[in-house]
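By written order: A, B, C, D, E and F. Residues from 1 in each chain.
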Amino acid sequence: MLENLLSAPVLFFALGVAARLVRSDLEIPQPVARFLSLYLLLSIGIKGGHELHEAGLTSDVLAGLGAAVALSVMTPVWTFFLLRRSLGSTNAAGVAATYGSISAVTFVVATSFLDQTGVGYGGHMVAAMALMESPAIVMGILLAQRFPAGGPSPETRPPLDWGGLLREAAFNPAVFLLLGSMVIGMTIGPAEFLDVAPFVSSPFKGVLCFFLLEMGLLAARRLRELHAAGLGPLVFAIVAPPAHAALAIGLAWSIGLDAGDALLLAVLGGSASYIAVPAALRLSLPEANPSLYVPMSLALTFPFNVIIGIPLYWWAIQSVGLAGVGPY
Amino acid sequence: MLENLLSAPVLFFALGVAARLVRSDLEIPQPVARFLSLYLLLSIGIKGGHELHEAGLTSDVLAGLGAAVALSVMTPVWTFFLLRRSLGSTNAAGVAATYGSISAVTFVVATSFLDQTGVGYGGHMVAAMALMESPAIVMGILLAQRFPAGGPSPETRPPLDWGGLLREAAFNPAVFLLLGSMVIGMTIGPAEFLDVAPFVSSPFKGVLCFFLLEMGLLAARRLRELHAAGLGPLVFAIVAPPAHAALAIGLAWSIGLDAGDALLLAVLGGSASYIAVPAALRLSLPEANPSLYVPMSLALTFPFNVIIGIPLYWWAIQSVGLAGVGPY
Amino acid sequence: MLENLLSAPVLFFALGVAARLVRSDLEIPQPVARFLSLYLLLSIGIKGGHELHEAGLTSDVLAGLGAAVALSVMTPVWTFFLLRRSLGSTNAAGVAATYGSISAVTFVVATSFLDQTGVGYGGHMVAAMALMESPAIVMGILLAQRFPAGGPSPETRPPLDWGGLLREAAFNPAVFLLLGSMVIGMTIGPAEFLDVAPFVSSPFKGVLCFFLLEMGLLAARRLRELHAAGLGPLVFAIVAPPAHAALAIGLAWSIGLDAGDALLLAVLGGSASYIAVPAALRLSLPEANPSLYVPMSLALTFPFNVIIGIPLYWWAIQSVGLAGVGPY
Amino acid sequence: MRDVKRIEIVVEAPQEEVIRQLIEDAGIDGFTLMHAVAGRGQRGDRTSDGLSSAFQNIVFVVAATADQTAALVEGVRPILKRTGGICLVSDARWLKH
Amino acid sequence: MRDVKRIEIVVEAPQEEVIRQLIEDAGIDGFTLMHAVAGRGQRGDRTSDGLSSAFQNIVFVVAATADQTAALVEGVRPILKRTGGICLVSDARWLKH
Amino acid sequence: MRDVKRIEIVVEAPQEEVIRQLIEDAGIDGFTLMHAVAGRGQRGDRTSDGLSSAFQNIVFVVAATADQTAALVEGVRPILKRTGGICLVSDARWLKH
């Protein structure tokens, strides 16, 4: 765990937080930060696709994908009913969608943790990640519609544009680039993969450091917004990750996933979205307060997972005795 | 040809087109895309200069340069007279300049094709590319001036600023960076070249993938603009590339270029500009409709060359029996 | 010296100047240029921290740091009194702060010069650089306050916000990222360092080329602003670097620094700020004319150091017989 | 020069398509659009960050006749109510070339 | 505060030098300039892309006296005619410090 | 719609915090802010470069009542005097949703 604390990406996250705390003007230019996140998605997509191509489609693959989708459909349900009383229906639905979905950066940090630990993982877990964004968004909106309470009066609320919502959910940039890069990674041959590897593999960890610096800056800025939110959301943002991860580990154990895949499933279950879901919610559920669900996932759940969660889940996975395999 | 279809850059181009078709919000931040294109120019310039320095100035070099300039001077002439009737003088001149000039990205994809095929090419072809932008622009303007027809009445058209035009043509950013990097590539020693190689060579193909993703996004967006243009420009945009490339191959054959250089000459002849020429035309021939010449070159000719043209021209070159040499 | 003139970064600087002279529209998108400078700081910080960790804290380290801070405190004093008569108190204070501080890019070019020459240097020199920004800024403001003359009448000048000034001086983005990356470089183990090396080391020289291209563009643009300034500032901007560097070499000799560290100290002493100090002065001493101190440091002192200064100081260091060591 | 209204609409970036459509529906055939704009209002700070544009503002500047303006303003009202932002209308003269 | 005209000119980026010159020719000693602006008009959509700035708009905001404004407007007219764009003029008060 | 003042403040980027504070002090609870703006004035050219934002402009657009405007204008005056920039005030109507 200490080792994880002292990994370069985590330290850069801390540096970003520190910069904001001392009110330094340090910032990553926004178009570049946006590009670095595209780079991480493209890289992980190509590598995942390449590995999936090498390994082939096994029953493990289908089991992993199924488990991931199940998590993203179910998590919003209990999240919603747990929080509806304290936050109101609309905000509870926003948080539900957020926690049913995933954080790609957390996933990336987890793959980097596995690489360092020398444990392999299946390329299909990248697909699993991509498949978890949309169901969570749709579930959140559905819940808000079926269990309305408060919010603006019906006449000011325009009818929901389901077509737009589904397009937003299924073709949001992150999902699209991830799945597209995966398909490309599966399609190109090994020679072509070798050609792009110096771009998608070698600088990966360094780019991750830069990106976590940005994440630290953003998380620290968002943290202040939680002052107004009361204790409930704070507690949820810290307790939900290990709870959801435990569930994911249980699922992994029951379907016999390898240890590496199990860690990634735990991280997917335990993490929450701060990019795709907020963007979709601003369109489809603008009444939900983004100053609630974004800081929860970005300023609390994200650092929790990256610093404590990943090594904790790994320890749990080894305790329940899931077998690791070497890097594919 | 199938192999080329399945190369990573071409697949990313397709991914970009697909993203636009399904109306995904995927986009490369504009300052980064701009930078990636500078990177491609700088890299190809340094590498070209370095290779030219190694190979020395041969008569082959002069022949290649001469053929390139000749193509860029002649192509606008027939293009103009072919299209004047249907498009009007001004628009025909715009298209003429566009097709006399070149597409640096197509050139880069072709060098990547040659690298993969294991065939060498001369660094001077990079200079040939740089020399083809300006003559085409000047020819287009000249043709519009000598053969006016329609357009705004003479009194509203200010006298042409030839100084500005020539500066724009000769020192446009792409030409300047390309030639400048070539000179630097020729000047620095091998040790210095080795020092910059991890930057200019290793990530090259990966950056190309990202850039073709952007090209796909742009091409798909531009495609719609052609609806209004009628069939003529559409046909021209698809027929001109192989016709001009055939001419270039004939020229290459008659002056005895190596197969690799011949392919690059074919690609230069067959490709059309969508960066430098439009920028110059907006200043010197603003009456020409950019919604005509940009989509033609970007949304039709560019993908045609990248997907079909390059392998097709290569097949033709091998058929006429030009000898390839190994990579320098 | 000729060798230095023909190094890739210096040639790209010249290319940038040439682009501006022929009025080419070439430009590096601003967010990317901003990012490249962050990259250079982060890289040099991590590498410096890593080397410092390997070498350990020796008395050499403390001597180097002390000499650097002394230079940044003293240089503003004589600069101020030398220029006060001709430029007025406020502008003299601005120039004083500028020349007491440092240019990180000059430092980076010097490390690249040493790498090429095969001479090592201590990682603590990166810390020395970081420690030189703040004292110079504070000295400049103090001098302007203690020796006022001219400037706006007291009632319009608001009381100085010392808290803000110190925060600006101590936590300006460059200093913060540099020191933060150094600490991270000292903290992470060798395995982790190897993981980030393909990002922080391999492309370093290439990125430096791109950045010097930008510097050339900016320097040429700024040069024009000096027309109004008279001969004094021009002469100072060329004479101060070798004078301050000579002093630094003397200091290095007296405390027995290694040759590599001595060169870096000379470069720190001889260089002047054009990023951190201007930003701080706009807040704390806005009456000082930035069209004076920025072009002096950016358009004259910077190219002087990069082209002539570095090899000149190196020659001087070898003449006084400081011993070099191999790369750590 | 012709008298027109100058309409300035500040909304969050995700509403771009909606406002574009409203402008078209109001029969106005042009607009100018700035991206990556920051701001503060009742819904807190909006600043660009490197993750998504969901929390940035965009600014539409539209020149239109009084009638078109009335139509556009009515369309924009519920959007501002739901998602925040402002709409300012002022008088201007339009250089008709 | 002093009464001035506020002139807002939207043109495509390649015309930057031309407009700068016209402002100077009108005897106006300052302007504010925004880059990378999108828009739609009779000449279709203008959006920033990653290739060139030729199809982006820029916006000049200029504070000037009525006389200077008249001069500038006359200079701008043929540019707008040839290459498109708009020019809006409104009344404002300028805080003269 | 309600009558308001539209205040447009162009200052150099380092003054951002100062102006934000002045807006708050004037009792105004919102503003719109554009970064990376170029310009020319008595203090020469301000263009964005890749080194720092110290020589860029920023533009604040503020909708406020006449009283708030008077307060803000007085606060801004000495800043403009010291560090340059402009402040334009015009009449507008604010769509109150």
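A few points about this structure:
Keep in mind that, in the parts below, contacts are C-beta pairs under 8 Å (C-beta built on N, C-alpha and C of every residue); 3 or more make two chains touch, one makes a residue touch a chain.
Owing to the predicted nature of the structure, the values given are computational and were not obtained by experimental measurement.
Under the contact definition, chain E and chain F share the contacting chains D. Traced through touching neighbours, the fewest hops from chain D to chain E number 1. Interface comparison, A-D versus A-B: the pair with the greater number of contacting C-beta pairs is A-B.
The geometric centre of chain B is 33 Å away from that of chain E, both derived from CA atoms.
Rounded to whole angstrom, the centroid-to-centroid distance between chain C and chain D, based on C-alpha atoms, equals 45 Å. Annotation: 39 Å between the Cα-based centres of chain A and chain F. Contacts with at least two other chains are made by residues 34, 36, 78, 81, 90-91 of chain F. Residues of chain A found to touch two or more other chains are 28-32, 34, 202-203, 279.
Chains that are in contact with each other form these pairs: A-B, A-C, A-D, B-C, B-E, C-F, D-E, D-F, E-F. Of all residues in chain A, those touching chain C in their complex are 6-8, 11-12, 15, 18-19, 22-32, 116, 202-207, 209-210.
Residues 8, 10, 34, 36-42, 57, 59, 73, 76-78, 80-81, 86-91 of chain E are the ones touching chain D in the complex. Those residues of chain D that touch chain A in the shared complex are 12, 14, 36, 43-44, 47-55, 78, 81-83.
Residues 29-32, 34-35, 38-39, 42, 167, 171-173, 176-177, 180-181, 184, 187-189, 191-192, 195-196, 198-200, 202-203, 279 of chain C touch chain A in their complex. By the touch rule above, chain C contacts chain F in their complex via residues 28, 30, 32-34, 36-37, 152, 156-158, 214, 218, 221, 225, 274-276, 278-279, 282-283, 286-287, 290-291, 294.
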